[in-house]
């Protein structure tokens, strides 16, 4: 059996890569992909804990996270396409309509 | 070395490797002769004789074809995304081969590479990956016909995957397992209804609530393998040759291989889900024979359909998938669930 | 053998995830993301979550990433141009935050600074496979969230369709105003 | 399954509503009418089946309770959605579904050319659902749901032609006046919950004798509150004002809701709660007096009205008064009996009036009718039967029930009320035959082929706003010959006519047959024997009958004399008693009185509150908060750069802080 720490460490690395992706990149689509990476890092932690605790609840949570991710991607991509139609760009540092 | 041979894990791995080797070898042969069969059948359907020059009855034709393809020029269009252009054909073949590892060709564990308990899910997962090869091939060619073909095929495959996945659910409801060999097991024995035994095998197709899923699955299989009457991605009249317009030589051969392998895989799945898998009269060892018989009959049916029916229009195809097949399969899931629940509690 | 497989998948996962972030071409990024999701599915299999592993491929690789690819192809995106002082500053901050986060997370994992909750003595019944076990829990204890999820998906679907269909005239007018 | 599935009875119209909502636009008129009538017809069949099952049992066991589900549960208190069928609700269910079915069929013809055909049947079916819930409920709370439901449908249907100002006003008036009554009812139910801890009839009635002192103040208050609810729904003094205005709705609605079924809900509720009412003699006195006063007052107003539907509306109010004073003198069975016969003949009268209006191309003023007997033979014959029935001539239905009520009033020593009832009967006979004579006899007072110029014709009417036309959206011309209505209207008329004649025979009692009447026997498991009923001797009964028949005959004779043979008499009387006529014609100025004491003060008070409290205090507070927030947010907005990256960075800092927290702990 794989120690839970291994999975957690892997999850942490994956999450950090996702964070870096969000902070470093300016293409909205890549940022979105980085968010998916972070979600998957969380999923990995869920599955690892589920394995450690002999419980299925963690896997159920992953199931729900995936559903949420699917819904999020559908809506998010629709927003990105709309933004592209409006502003002809997907670079987030060229879009600041919500500036206070 | 001897110690290694005693190691159980190693033995399993070794056996698996041997089976994989056999399957890969046989598959390649079967595919090349499937192409030959297609050409022959097509010829006879069209009142021709088909290939008959190379070898007796043209039996050596596939070998000649492979030789020709090997020596053709590798062509990469200008402005193509080279890496993806090279990877795409591999992606087209890979899912079919992976799926084959879970198909029970006879009673397990002898005739199946690995009998995992989520075999059907693996099949669905791999068929959803099948989109990539075609889409990327079309996109990386930097050619509008190829791109349109690729997009069409991926839209088509995604649409029909839904109905296909849903039409397997009544089967799962009946068998209560996702394991393919478990599904085949549940179709063994004789058909019983209300305590009377009928002279029918207990295959899925003979249960009334699986008849509609069978046909939905069959139709979706045509769409999933991009074969007529759903061969829109390579509609020659509109798209030249669709997503593989720019491919030549062995890369084109890989697409071709992928298509025929997909056909074999999906026919195997139909046999497994609906036609009782390896079950048939005689001793268990005959299982693989029965399996192959059913498989070849289905393959013949696929070829027969291809050369009989005209191609659909694109909007008709999408409308049919979303407005007819999907609701029908959902309705069937409900009906089968209610029926099985009622029967279990009656 | 399992630990080696785990390490292999982990290495693949980290490498592909890094490529997602580093590669300048969005299509390549997406393809690497597919690969990293697939290796994550492998890790799930090793953690005895077969169902989740397969669903991971079906949902993420088979559906979500195809959608990403479609959008990238639809928008016809090429290599991202990332030059200039501002971007360099941003990159520096990003990597620094990332390094700090990794450090902290590593410390937490090493110190055991997480409380995973009580371990159930009896492992869940795996009779009929992982999928059946999950189904049993999902349709009993988590039935209500499960049904709510379906509404969420419906709403997302309607939302996406409405947004994509849009009103071309209104869009154009708004675009010109800015 | 042993039970006859009571839930299906209200569920059928509800299903029709759902189907109509979902697919109505594809069904077309034929489909819609088939759906609506079919659902109600099926409900009728289901009701018959249920009642037959009930009747097959021995009298003590005639009670079926069917719990669909528990609606809610709060502590010890729980309310179920459950249905009760006993002899009392059986009568109501049969009347509601049966008469309702006939009126649905009638509406097909009557509404045929209305553009909102579908909406009409939608509301009508919704009403059927609510009404059936009301009568089948086995607790006060579910009854209240139906009670509010029928109120809502009544409002929707009165204002059905909502493009007409008077119709929407009438709808609002009905709704608001009903709210007052509903408030009383709700308070009464809360009272019962507070004291008995339950809303279930059986439990409340079982607990009542132990909890309340008979004649005590608590039970009196509770029953008075319930009765307030009844006065609202059943149009009794002081809340009767909405019913005459409700005639703005389409005529089938007036027949179904404002004559046959909904308005009798109050009577049903009082009878249903007879256990409580019998414990509160003071309340019963109030009920009796109010009922008698309403019967008398409405009858006097009905004497002088000219709009055919208005006469019928006041007649309805008057007849409801009879039912209430029957309850008030303790003759609950007689009250329900009158509910039933009244449903038959009053529905018939309204439908007949509708047929006349339809035939006359939406003319409602009786002064412009006359001589229709030959032109509309079926309508004429059925209307005549119904008029005789309501006037109280044996052996028609109305006689038996009205006579029983009067006899019970006399027998219990309520001589004043008996006299009022008798006087009311005289006036009923008079104004009903006035209506009959003016409409069907004499010479036609209209030109067949001319346009009517109806707007001018009614300009002088003091109630032009409530004027007589429900002609919206009807495209068939205003001229044209007067002719008989289509079969879908005449068939229900004929069936109801048969019922108006024979429907009362189930109540033929003591002097004619040995033992109690069939009706009384049927209701006995629910109502008991009636504790203080002393029976009159047979000669006394016959004397009373003779008296009431004589009175009715005199009224009829007067009507024929004054309106057919010598119209000068009517004019002379009107001029002689101009003041009285004016008072009656203007309905004792009750509407104006309510306007002066309630509506205007409330309106002005609300205006003041609005000016001061709303504009100064509330708005001032809100604006003040707004100004403060504006100042603060001007600072905060500096953080809102609008760039996603900045926000992401802030989030990342937050995550880092969280990590630090975990590290420290």
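Letters A, B, C and D name the chains as they come in the text, with residue numbers starting at 1 for each one.
FYI, contacts are C-beta pairs under 8 Å (C-beta built on N, C-alpha and C of every residue); 3 or more make two chains touch, one makes a residue touch a chain.
None of the values given here were measured: they were computed from a predicted structure.
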Q | Chain-contact steps, minimal, separating subunit D from subunit C | A | 1
Q. Among the chains, which is located farthest from subunit B on the basis of C-alpha centroids?
A. D
(Q) Between subunit A and subunit B, what distance separates the C-alpha centroids? Give it in angstrom. (A) 33
Q) So what's the Cα centroid distance for subunit B and subunit C, whole Å? A) 29
Q) In angstrom, rounded to a whole number, how far apart do the mean CA points of subunit A and subunit D lie? A) 62
Q | Between subunit A and subunit C, centroid-to-centroid distance (C-alpha), Å | A | 5
**Q.** For subunit A, residues that touch 2 or more chains besides their own
**A.** 19, 23, 26, 93, 97
Q | Contacts with 2+ other chains: residues of subunit C | A | 51, 55, 63, 90, 93, 97, 101, 105, 114, 130
Q.
Which pairs of chains touch each other in this structure?
A. A-C, A-D, B-C, C-D
Q. Considering the complex alone, what residue numbers of subunit B touch subunit C?
A. 9, 81, 83-84, 116-118, 121-122, 124-126, 128-129, 131-132, 135-136, 139, 147, 151, 154, 158, 161, 176-179
Q: State the interface residues of subunit D toward subunit A in the complex, per the touch definition above.
A: 636-645, 648-649, 652, 655
Q: Write out the stretch or stretches of subunit A touching subunit D in their complex.
A: 19, 22-23, 26, 28, 31, 92-93, 95-100
**Q.** Interface residues, subunit C side, partner subunit A - complex
**A.** 2-3, 6, 10, 13-14, 17-18, 20-21, 26, 29-30, 33, 36-37, 40, 43-44, 46-49, 51-52, 55-56, 59-60, 63-64, 67-68, 71-72, 74-75, 77, 80, 82, 86-87, 90-91, 93-95, 97-98, 101-102, 105-106, 109-110, 114, 116-124, 130, 133-134, 137-138, 142, 145, 149, 152-153, 155-157, 159-160, 163-164, 166, 171, 174-175, 178
Q: Name, in rising order, each residue of subunit C that touches subunit B in their complex.
A: 1, 25, 27-28, 31, 34, 50-51, 53-55, 57-58, 61-63, 66, 69-70, 73, 128-132
